[in-house]
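We call the chains A, B, C and D, going by the order they appear; numbering starts again at 1 in every chain.
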């Protein structure tokens, strides 16, 4: 007897066998027709497509998902087959198959609410990915991670030993062929060198409505300023702190009855949903980055 | 000197010359390619497109908007040119040009908050339509309508004279070649005969979160039930009361400090935005109706 | 080395030693003065107080919380000391001490998202209560409950054996001196006899915005009706199904891109927060019930 | 025949004859008892009361509203009668009578959506105040203000003549015994001298979620930063730009389909509700200011 909760979930929502193509390029006539013809010529049944023109920057953006059941093109041949179109329109593109599960490493520190939330969503089948490891600079969440059957790596980050710690972290990421790093309230700032290894592949949760309250202790500063809503922001990490492309934001109402601890408490529920949405959208190949902004195709 | 507020608005946001095509039909491969090829062959520059497959019902839905600047097809020839594709895929479709402004009649009763809101949005340029007339069964809002320079028609609806009143209303709608009727808290129930004259072209605002509190006095019943949120719903009117396809809904939080009058007051702000969004989306050709539901393309 | 997460939480937010009094009674002049004088005469330092008059029903409602540090009245003497005032104003009242932790039993079935959420909030110190047991009619969540170190009782509920099952459940609740039952997506309907044993002490989460979609399969019916928001409702359980006093409600937006499974997925996040808020407010003695409605003092 | 819409509104919600007292002072035992005893001794029937202790700053905050029907104290005697209590507890306090309507001046510029909204809410009876004048530095909204029967004063503010313009404005405010100034998207920065004449009596609406995007063109900067929500903030004006005590904030979701003009359009609906709530709460004596923050008693 198997009591794994993801079973009933997958029963309800069986994994479809689809491919998703994300494209952006300079806008030009005939783009949609060229892509649609290419897909149709190989028997694709389009499930969803969304095209948008950023008229100010003259950029064309597209996400298209199709059923692979009758798709006649061997996916190993996709790149050479699609290349002439991509070159003609100077496209940047990537493709993702629903049946190939991305590999995500979670970084955590002492506070474990985002970690616990991601692990639960993974276990329940909502996040269709593998989590080959969790890296933390505190031992506190070891038992939680153990319970989920995921290897836990304790790498402390002393002030003088950050470079060494990052070397170990990068080694683990490489060993486990990690596609995405999720910073689940990880309280260390990653070096530019680390960040440059995973461009647009590190997602952080910041506990404020950016660009308000960049940097440290945002809830304390929100309390002092007397704002009426607190927020959380998930974003790709870039070399400039708290300045990467924003993926998702949300807010919740507070009142004079809330002290700083209440803000921290209420903020946790925000942080969980805002981070998990970003991770899920990344997994589902919904996010395009350009001009330091994201387009999230829904 | 012209002080009309719509001028600065239109200066900021000049009307683009575009066409929008809405389509739904049985799902089949090649649909997107066929439409994209057709448009490209006539020089269309696609600004936005959104395609979706309702996999349960096997229905394909699409909205596409393109720039008409270089479009080589005379729009009077659009229907015969597009007809072969439409027939091949058994499409239901309609087209709308951004420069042709739809004509909207507003029906009102005593409470004028939705009426005032629609008139302001029209004046400010947000609602790109003409409002050739307002029909009310109460004289109260005459001066407001006069201020906006719109003809006001008082048609009272006595219990014994409803048929006669509707005949006069329908006459006016016909005379003014009205495309859409907006019921701005109009407190009379339209007869099935009336409704059948304007299928999917009458939008009502109901002051509850449907299907909760169908029928009369929803705020009183919400208060009695002790709900924690009140809502408003805009929908197309069908022969069955409060059962037409829902276009938009929103809610707002209430507390034990709110009595029924507070609910009515808070509800007004909801009703205004929920009705005006529905009217704007209809004008912008964003709404598809099927299976008594709407798809609102954003 | 202690890795229990509640430690840093409690360090941030140490438990204050307070008492909370909840009162409702027929409205009469002098009520506030009588209560304030009584508390002041015993050295109470009032931290928060909130009084409200329901003018329609003529009912006075009050919540007052005070610091017990300098309170001179032995709390075992509170009832006899307060009784004369309570009788004079015909009050219904109850008192709760912040340092006495209520005992909560959680009932669950196969879907464990609400269960997991409550257990995490308990472990992290957000829910200041004891959870002496979890009762489920499915074995699936045993390992999750075990991980939290809480006794798990599997009591299946066959169609013919419901009475027997409830007898066992009631026995366990009694043995563990349970103050509150939280139904965390427990998929069995409790009998009126069961409910009458715990009046205003059973909290359920219903996965719709009540009173819309009472009964079974609310997400399926919401999908069919084409609503634009889905909701969740926590309420005290009464003998009439889904009709008890509503404690909390919330909603989230959906679109035509969401099928029923997406509604179920999005709804889970709603259910978790809406149930956990209700449980926390009950624990914090914030909820007054009258006229089949709740007042939630914030 | 009288068609003024406020009539049906007032019929539904007749003005109660109440007094509201707002107090803040250093926290001390016996405060609530002293105030409650004082009111009870004069026959007050308390309708609502809310007391709160800011434990960090050691400040006590209270709002109490009572029915004046049986209140035995002549209100001209309130101050001398209450003074001993106020001195004993070093209170800052103010009282407001529901039947005495405050006098509000609205300042506007070219964009008139907030102005139109406030005027409508005033006409419909929602804002229980008098509006003796509107001052604008643009002629555009003259006809709108005329329609509402309110005197319109055009005072242009040339770069070199700001001092002179403010002198004229202050003269008008003084002549009309104005209690509150509402800046309805007034696009001029008031001088410190002007502001010091009306401390905590000038309310501004800023079109961002402060403290994000202080200063000019917040929607443009929000667009550039790629935020996922836009906001609006109403606050009391102080000498430091956009830094006064925040009264209310709200946000709305945007997407990649929204260009700057869409942000401006969506922002208007936010600005209207966020400004009008602040004005109404001020009128209803719900707002206490301390430590550059507001407490809004609900």
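To be clear about the criterion, contacts are C-beta pairs under 8 Å (C-beta built on N, C-alpha and C of every residue); 3 or more make two chains touch, one makes a residue touch a chain.
Fair warning: this is a prediction, and the values are worked out from it, not measured in the lab.
Colleague: Let me spell it out: compute each chain's centre from its C-alpha atoms, then which one is farthest from chain C's centre?
Modeller: B
Colleague: Report same or different for the chain C and chain D interface, where same means the shared residue numbers exceed half of all residue numbers found there.
Modeller: same
Colleague: Please report how many Å separate the Cα centroid of chain A from that of chain D, as a whole number.
Modeller: Result: the chain centres lie 42 Å from each other.
Colleague: What whole-number Å value describes the gap between the mean CA coordinates of chain A and chain B?
Modeller: One centre to the other, that is 37 Å.
Colleague: Which residue numbers or ranges of chain C touch two or more of the other chains?
Modeller: Chain C, residues with two or more chain partners: 48, 52, 55, 255, 257, 298.
Colleague: Chain B touches which residues of chain C in the complex?
Modeller: Touching chain B: residues 52, 54-56, 61, 209-213, 225-229, 231, 245-251, 255-257, 259, 291-296, 298 of chain C.
Colleague: Please give the residue numbers of chain D that touch chain B in the complex, ascending.
Modeller: 1, 3, 5, 8, 12-13, 48, 110-113, 116, 120, 124, 126, 139-143, 147, 255, 257, 261, 264-265, 269, 273, 298
Colleague: Across the complex, what residues on chain D touch chain C?
Modeller: Where chain D meets chain C, its residues are 27, 29-33, 35-37, 39-40, 43-53, 55, 70.
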